[in-house]
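For reference, the structures are reproduced in the following blocks.
The two complexes that follow have chain A in common; it is paired with chain B in the first and with chain C in the second.
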Partner chain A sequence: MIKIKSNIAISDSGFIFNPANGESFSANPIGIEFFNFIKQGKPQEDIFENMLEKYNTDKNTLEKDYSDFVQTLNQFQLLDQDAEKEA
Partner chain B sequence: MEKQRYERPVIIKLESNMPNKFGLRTEYKPKTHIDNVSVKDLINEYGSPLFVISEKTIRSTYKNAKKAFTTRYPKVQFAWSYKTNYLSAVCNVFHQEGSWAEVVSGFEYDKAIKNGVDGKKIIFNGPDKTEKDLTKAIENDSLIHIDHLDELYTIIELSEKLNKKPKVAIRVNMDTGIYPMWDRFGFNYENGQAWDALNKIMRSKKLDLVGLHTHIGTFMLSPQAYGTAAYKLAELAIGIQKKYDHEIKYIDMGGGFASKNTLKGAYLPGVDTSPSFDDFSEAITSALINSDFKPDKLPLLILETGRALIDDAGFLLGTVISNKRLSDGKRTTIIDVGVNILFTSFWYDHKVTPAQPFTQYTEDTVLYGPLCMNIDVIRENASLPLLNKGDNIVIHQVGAYNMTQWMQFITLRPKVVMIDMDGKTHIIRENESIDSITSFEKVPEYLKKFEL
Partner chain C sequence: MQKRKLNIAVTGLNAIDSPGPGVAVIRALREANSFDVRIIGLAYESLEPGIYMHQLVDKTYQIPYPTAGIETLLARLEYIQSQENLDVIIPNFDAELYSFIKLSPKLKKMGINTFLPTIEQFEERQKINLPEFGEKYDIRVPHSTAIYNIREIYGQASEFSYPLLVKGKYYDASVAYNADQMKTYFNKISAKWGLPIIIQEFIHGTEYNTTGLGDGKGNTYASFPMRKQYITDKGKAWGGISIADKKLLELTESFISSTKWRGVFELEFMKNQKNEFYLLEINPRIPAWIYLAVGVGQNIPEGLVNLAMGNKIKPFKEYKVGKMFIRYAYDMIVDISEFEQISTYGEL
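Now for the complex of A and B:
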């Protein structure tokens, strides 16, 4: 399962700080929602369902954007690699 | 409950040393309308991509330029540089405003005649004028700007054959402090070539030397270079007056004023850095007025301004095909506008604005065109709002050189639409089709059949 590192938090305004290396990031509102859902461990399907209810978009777009977002989290070293290996 | 507008999720690394190479963000508002016509409606009606020309912008830019010169100098004439945009509708807006035509080939010459321009008001520049072209131009009393000695001798021969006195000028190239110097066209001032050509013309007695011409370069950012050039042409004209007691009727300063586009790699946007028409006019007219011309004998000042008169009036509308990432994670967006129709993306960092509302979030993005070619890059790096597939974009200041230098390559060239002064739209060039393209081809009979 995809897991965000436990020591990483996001503020309401989308500011993210990684205490391990001092790097900081900024997310847009939809990014914040994705981030929080992933952080909570919500399954992909539930995330999509939630978003489809609220936003004018479609499943294909969400799937594509979700995987892109996760790739970016990974590239920024915000994902818990061990959790991924265990999965 | 109505659903909210979706925007793709982004997470951006914050860097301390802003602004970065992606430059300052300048697009704060979507470009939803051009002259009160909705961009979405234009795309729905005419397709994407689509070139759009604002007649209103052409006329107001022209009036601005004209005013900058006529308020400083008594006799001013613009001649529309056909190569910059020779769609007939565009040329005719300039002609309605009073512009003559400036052409550089037999094709452009014929186009000006077809548009209804009086031959006497066509300036014929360029190194490649055939005997046929020259004959036509001589018979029509057009203003022939001689580029080289071979042409000069041909014109002398034709004048005898046609028993007419052709109206000519010479193109002069010179050192104006701008390098590289454009010295491949015309006759050089400093090394005496220009005087040599002028002497040959005057001694032949076969030609009517009416003007002196120069075109010192394109996208010039230095008004002072024009001041220098105007001064040197004035010197020549005054020299001819003294030596031959012959009056030069006009000085043609060519084109080359920078438009408000941003040159690639420039740190500040062109809107903030390009000199104004007033700056160029001040440099040119004060050089002429301060020269030794008698106040009542100032020659007509001709300007062949191209890009600075039309860039702002042209827009290119497009659509997002896809968002992707490169192997290093860099964001890329593919749009349906390629370098085949936006030639000027090789020179400029064109301003690109979404055509629908967006939030303040941006991503550093490479904008690719749709061609299957590595060179097809519209912006190497742009800080852009988050675009979704199917979103529309507006590329600004594309009026100059694109609609003449575009090529049919991989995709077909799109329609060009003009928005008139009342906000009505007119197709001024149809899109190409498979039939229009193949109508130029011929397949030999024996190649018509094959089996696979």
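Now for the complex of A and C:
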């Protein structure tokens, strides 16, 4: 299961701060929703269901966007690697 | 209760693009909770900006360059002491530290307190001794070697790969991508800072710094890490942020406990792609970004003064993460008469 590091937080405006290395990022509104769902520990299928209900998009597009977002989180070292290994 | 007023002399008033720490130190001292201050600036050049910052510096005296010798410096300090009754001196340049460390027993007799590293600590952490330092204290350091002659450059080809760093004994570092550039930087830096020149492996990564205060017995009074966010073409931090990196804190505390560091220091690290920290430099003095220490809740210059005065202080155990400093340049308007005063009489 994908897990965001416990010390990473996001503000209402989408500002993400990593206190361990001082790096900061900005997420767009969809990114904020993805981030918060992941942070809450929501299963991927629930995230998709929720987003498909809310937005006028198809599952393929949503899955691609979600996958891109998760890859970006990983690239910026915002994911808890230990949690991923355990999963 | 009225706080005691201390007369504190501070060097490093050159608040320029590669700034001395003096002005930041003074700002921290003026925000100290445990004492009030009268600040005496000690300047080498008559255009050091801090001289003219009268809201921060009460009086400035010119002092002789270290090359003039220890006795000349002592004579000047004796005169200043007769005028100002100093309680503490905080030297802020690497190049002047040797003289001040050597003079500290005499200064103490004159009533002037310091809290500086020992000569052994000062020498051991010299850039030219970094490989031995890393081995002795089990700290990862980049491969480096000191050279005294430009002809030695050609012998480095087998030891290093390009790019590499060409560094001065005290200051300056340039990245060289070939032997021609190495020669150019060797000449340029050695002309300014003398020999040897240090050739150092270039570590690709992100720069992190820590600062702290050790009591000389292995105990940590303060320490926190900072990541440079905005770096000038001279490699100086123009912006930075306090971070919560446990590994950096561990490395810093291990440095203090193993060396029994006395006084303030700055450690410069590079984190490579494998998340390994390399210790690049140990600066045996307060860093120019020390005002961030006040921002994170650890007034390190105040702690330093208290240790110099023999006062007991509580170690700082916490600091605020996510506090940033952003440096700025500021044009002051100064009358020529002030410049005349410091240039002619050596006092303002």
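One rule holds in what follows: the second predicted complex is superposed on the first by the 87 of 87 C-alpha atoms of A that agree within 3 Å, B and C clash if a C-alpha of one lies under 4 Å from a C-alpha of the other, contacts with A are read in each partner's own complex, and residues count from 1 in each chain.
We take it that a contact is a pair of C-beta atoms (placed from the backbone, for glycine too) under 8 Å apart; a residue touches a chain by one contact, two chains touch by 3 or more.
All figures in this text were calculated on a predicted structure; none of them were measured in a lab.
The superposed arrangement places chain B and chain C next to each other on chain A without a clash. Shared-chain residue A:Ser6: touches no atom of chain B or chain C. If you count the residues of chain A touched by chain B and by chain C, you find the higher number for B.
In the superposition on chain A, A:Phe34 contacts chain B only, with no contact to chain C. In the overlay built on the shared chain, the residue A:Asn21 is in contact with chain C alone; chain B does not reach it.
Legend: residue contacts after superposition of the two complexes on their common chain; A:Lys54 is shown touching chain B, with no touch to chain C. Of the two partner chains, chain B is the only one that A:Phe69 touches; chain C does not reach it.
After superposing the two complexes on their shared chain, the closest approach between C-alpha atoms of chain B and chain C is 6 Å.
When the two complexes are laid over each other on chain A, chain A has residues 23 in contact with both chain B and chain C. On the side of chain B, the complex with chain A involves touching residues 3-14, 323, 325, 329, 359, 361, 386, 388-389. Per the touch definition, chain A reaches chain B in the complex via residues 16, 23-31, 33-35, 51, 53-57, 61, 65-66, 68-69, 71-73, 75-76.
On chain C, the positions that touch chain A within their shared complex are 206, 208, 226-227, 229, 240-245, 271, 321-322.
Those residues of chain A lying in contact with chain C across their complex are 7, 17, 19-23.
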